[in-house]
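Should a chain be cited, it is by its letter among A, B, C and D, assigned in written order, with residues numbered from 1 in that chain.
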Amino acid sequence: MTELPHMSPEEVSESLSQENRERKGALQQEAESLEPQVSDCPKFSAGLWVLAQTADRFCVSGYGPKVPLDEQIKIAGKLDGVDGVECHGSDFDDFEVQRYVDLVAEQGLVTTNVNTNVWGTAKYGLGAFTHRDPKIRSHAIDEGKRSCALARELGAPSMALWLGADGFDYPFQIDYPTHWDLLIDGIRQVAEEAAPDLKVGIEYKLKEPRTHVTVSTVGACLAILLELNLPHVGGTIDFGHALMAQESPAESVCLLQRYDKLFNVHFNDAWGYWDDDMIPGTVHFWTTLEFLYYCRKMDYQGWFGLDMFPYREDGGQAAQMAVDNVQAMWAKLAELDTAALEAAQETMGAIETQQVIRKLIF
Amino acid sequence: MTELPHMSPEEVSESLSQENRERKGALQQEAESLEPQVSDCPKFSAGLWVLAQTADRFCVSGYGPKVPLDEQIKIAGKLDGVDGVECHGSDFDDFEVQRYVDLVAEQGLVTTNVNTNVWGTAKYGLGAFTHRDPKIRSHAIDEGKRSCALARELGAPSMALWLGADGFDYPFQIDYPTHWDLLIDGIRQVAEEAAPDLKVGIEYKLKEPRTHVTVSTVGACLAILLELNLPHVGGTIDFGHALMAQESPAESVCLLQRYDKLFNVHFNDAWGYWDDDMIPGTVHFWTTLEFLYYCRKMDYQGWFGLDMFPYREDGGQAAQMAVDNVQAMWAKLAELDTAALEAAQETMGAIETQQVIRKLIF
Amino acid sequence: MTELPHMSPEEVSESLSQENRERKGALQQEAESLEPQVSDCPKFSAGLWVLAQTADRFCVSGYGPKVPLDEQIKIAGKLDGVDGVECHGSDFDDFEVQRYVDLVAEQGLVTTNVNTNVWGTAKYGLGAFTHRDPKIRSHAIDEGKRSCALARELGAPSMALWLGADGFDYPFQIDYPTHWDLLIDGIRQVAEEAAPDLKVGIEYKLKEPRTHVTVSTVGACLAILLELNLPHVGGTIDFGHALMAQESPAESVCLLQRYDKLFNVHFNDAWGYWDDDMIPGTVHFWTTLEFLYYCRKMDYQGWFGLDMFPYREDGGQAAQMAVDNVQAMWAKLAELDTAALEAAQETMGAIETQQVIRKLIF
Amino acid sequence: MTELPHMSPEEVSESLSQENRERKGALQQEAESLEPQVSDCPKFSAGLWVLAQTADRFCVSGYGPKVPLDEQIKIAGKLDGVDGVECHGSDFDDFEVQRYVDLVAEQGLVTTNVNTNVWGTAKYGLGAFTHRDPKIRSHAIDEGKRSCALARELGAPSMALWLGADGFDYPFQIDYPTHWDLLIDGIRQVAEEAAPDLKVGIEYKLKEPRTHVTVSTVGACLAILLELNLPHVGGTIDFGHALMAQESPAESVCLLQRYDKLFNVHFNDAWGYWDDDMIPGTVHFWTTLEFLYYCRKMDYQGWFGLDMFPYREDGGQAAQMAVDNVQAMWAKLAELDTAALEAAQETMGAIETQQVIRKLIF
């Protein structure tokens, strides 16, 4: 039992003299300068909605001003480390495709993914791909096909299906067997439209806006993928969705990559009980680091798509901090003694593995 | 080990002959007719927002059509078993008070509670009673005082403070000690305005719209009430908020009533992890029944205010079902052998108490 | 807006005169007598551990007295409505198989399932089928094979794998890809031993005893089943495990039955956040009823295995109440207007479906 | 939009030459050497149970070997940075007080807190301070008084009440008003015994071993303290208990310190849904750092009591890592620009505060 001499916080603070503080800062800066000035970090794409106005059920009129689509693209273009954007098919309800293409190119960006909005209008309140009204269901599936057409037009490698309206709220509300038939058939129809050149990413989420969303967990998503058995259909992991399902996002990466099925990442952070859509790295430092480690180890080659809802923050600032945080964590991984970690993992011991990991910041 | 002869579901269904079915129905109806045709159930008040348009962050344009305030009042007037309404101060931003008063009277209703909207505009994004900008904070507190003035004008016995914007989202975001000082001081200012004739109900909620709301649990609410120590300031229990905090809503009733501090009830149901704002009795039958039992036992004399977000349902139908369900459960309590339950509770045994309770439906 | 005359609880209680109370009881009894005196309810099997001593980490010495295996079997034999028992392979570490066989037969019971204990000793602390130490892993897989041999010896139709020790506690603790390889390979080895005559049921659970258990959700379980693609390997749904993963247990039934993969049910109830292992029907009335409805609709032909931890209750009494509650709920389903429910489900409306369902008790 | 040249992980790793790696390490070491070699960190005390055998309901026989009390004390004595131990009254059921006193002194340790075990035997299954059987209740309260006597005998400044058996499992199981009366009266009786020289710390926990524990949240705890209004009765924050209640542990510190009522800390980490009792800093880095910041800011002068259940780890190693992690985080706080943080907190902005905080590791 040994111990340092005890001082008050003020004394401790004073004892770190200004001179030492400066010398320390200079040493740390020099240490950092020795790191390779390159990056193997997956590239970043900004979901355009991150840069738009946000609202919620209590503040429907929005927490910030409206941000038109062209402005969103310009903000994305100014973000250090961001090379692409994700859009929604519905962005083009009132915006010309060619104008979008020009704006994105002007900013030196590419479109990395086209998302399908089949949850943002009253029509889809009770369901989209699973709606029992054939007309509404057909509209929804057509909207998925429109994403395929748009992805081709915009040069995006993939389109995405997050089927947030497909689920239920109350016990006994839906007939589950029919529901699942309709869901999988709907995905298949879109997948046929996407084949063979486009990737289709299915994004799971436990709940919201329904109290129960059908494609709920990485397991449910994977089961659907295995039933479909189509090489161009895979999964999208949203970091906060994985947390909400009490998954280890890192394990979810490995589970999808077991079948080469991780097609896209939606990055954010959250407290774990809800889809808080916060800035990456601000709550779950270790879990995020582990996620990045397994993205690297499992050779994930896709993009990191920023998917946040910065309700009360400036979207551009939040996106920039997101990139900065993830890049900083990725850089930390370069310091990790991978061989030591793998040896420790063979013991399965918490102490053994933590002894390797904790060195990164403690 | 004994056992009934086994049949398929179809055989069982057939064996319950049409004749028996009808006879059974008649007998059950006669049995019900012997119940007393009166009610000691607390009276119901409809939150007008239940009857308005609902939206969420994904469907900002709303799940149903806009419903103007006068229409909301008319729907409330048609609800069987509803005698009152709850409104918000902000309802009168663009609606004349006198017109509201006339409409409510026309429908044979009274206003039971005036809620304070200090969360529904961008201004309050980062806080209301706790905002560090004195101007915004002052606006928020004035809005609370406006509720007092309105309550008097409308003849309502109480006003309410649900401080949903007062909390935080990120670690280190706020200075907690200052935050709590501002919060309690703000409540005290409104309480002074309300004294001595108006009741003030503080409604707690764990989270949403902030990831952490400050008046979070029944315990936190009660601690504030005990610090304030003002006879006209009490608490409001929202059933779903209590569930979200993993409370037994029944116990929360008893805890507030330990100090005569249950001033209002906001009724709904939820799955327990989020404020789903569903129709009472549709998920948590036993928990709701227990809640009603302790409202009766602890002599709660206030209203049951319906507080739901029927996103995808007709508001009027949802409200009517809410009343019907709660009244049906209240009627069940009349069948409960209270003496037997209390004797069983003295044993503290799960089997003993369940044996009494389960008879109500099994 | 109409309303009943208002009375105090005492007045209401008195107004239900003793005469009316008795007449009402008689009518209700006659109504019940018209119901078919048969049952199509799946048969019940008692997990023998339900009838044994329980303990937890705080009360390691046990909440009740030790109950030897022969006594457990005798208690099971006395339960009305119970026709079978489930045991663990480890029950025979110190108990002769033939003696067990005789005792079970004496009680007129059958063994319905043999569970595999690869989590109850320190050896398996860090893993069983996934242990990186080949010797421990081999022991675990052998224990699975022993369950197969025992199932054949005891005449049980199935054996089960709940791999509660296979998971992790800390970030970075295990190498997920290797872990999943070992897990699936281990299951496959046991499945080979079980083929072709024995069913193998994989039971999922989100967590406990590890903070993260690998076969976590119905989706993860199903993905494993689809990878294995073996007709005799399916899934087991534990009601409380499904709740803990925020699943609708009813939907989980349908999802497994989509592939004819529901092999066994472990019945209990829980508050939803943890595996509370309580008596069925005591918390989630509607969710349990929906579960039963879909077991019936999806033609589940297996057993309902009671799997509870009645820490502070008498095991036999808890088991009897479990059977009574489930049977009572099953009987309620006979009163359900199935055609009306299915028509309502086509509308997908909460109000429409609730209007059918609520009649069962309101 | 700017970007670093892209390389594969292997290339990046190679580009960080061995020479640079070493130079970097040396610079970092020199930077660290400039930090003050003192500590203002609260002192650490080891809960002796951390160093004992652990078990759970599935592995009742224990994950490791039995560790006798004298051995626990010796292990505690070898821990760097640990100056005290916490014990339970029940430790002395079969261990002489004087022998304990000698052993603790031999190791240069002090006893910092005496905990009260009124949950670890079958007798207290249904309750302790709230038991409706006066004899059992009296035993429990006597056990609390015994802790007072022991604290005085051992020279400990405080005794503690964690009333884990006092709660309920099922709806309707207990009569809440009576229950609360008994609870508070029982605490008062022990408090009288403790006055005036001993501090009494009430530790809250949402659940486990009961599905609902009565002293559940920081708010419930504080309400009890305010009702009692005794200067020597305060609260204990267990880090994981606060997380389980979805509190910010830092805010809970401030809330108790608002009334000078934080008397003890039980330190650990957890995933947030359950009392995982893990090593501090391994899951919630930022939340732990914020907790430490507010312990410092609110002038918490008590001990940090290690309270973990290292089921599968060596207790001594886990305890040492706990101390090392917390000390490392405390040292990080010395680098925090407090003035900048406080200025940022005045803006209430997430970006503004994160920009200060993130510098500590990014």
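FYI, contacts are C-beta pairs under 8 Å (C-beta built on N, C-alpha and C of every residue); 3 or more make two chains touch, one makes a residue touch a chain.
Bear in mind that the values here come from a model prediction, so they are computed numbers and not experimental data.
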Please state whether A-C or A-D has more C-beta contact pairs across its interface. A-D
Using only Cα atoms, superpose chain B on chain D and state the rotation angle in degrees, rounded to the nearest 5. 180
Nearest whole angstrom, what separates the Cα centre of chain A from the Cα centre of chain C? 36
Taking the mean of the C-alpha atoms as each chain's centre, how many Å separate chain A from chain D? 34
Among chain A residues, those touching two or more other chains are 126, 169-171, 207, 246, 271, 273, 278-279, 282-283, 286-287, 312, 349-350, 354
Residues of chain B that touch chain D when the two form their complex: 126-127, 131-132, 168-177, 180, 206-207, 212, 216-223, 226-227, 245-248, 250-251, 254-255, 257-258, 286-287, 289-290, 293-294, 297-298, 341-342, 345-350, 353-354, 356-357
Listed in rising order, chain B residues that touch chain A in their complex are 54-64, 119-122, 125-126, 164, 169-171, 207-209, 211, 271, 273-274, 276, 278-279, 282-283, 309, 311-312
Report the residues of chain B in contact with chain C in the complex, numbered from low to high. 1-9, 11-13, 15-16, 20-21, 23-24, 27-28, 30-31, 34-40, 77-83, 107-109, 246, 271-273, 278-279, 281-287, 296, 310, 312-314, 317-318, 321, 324-325, 328-329, 334, 349-351, 354-355, 358, 361-362
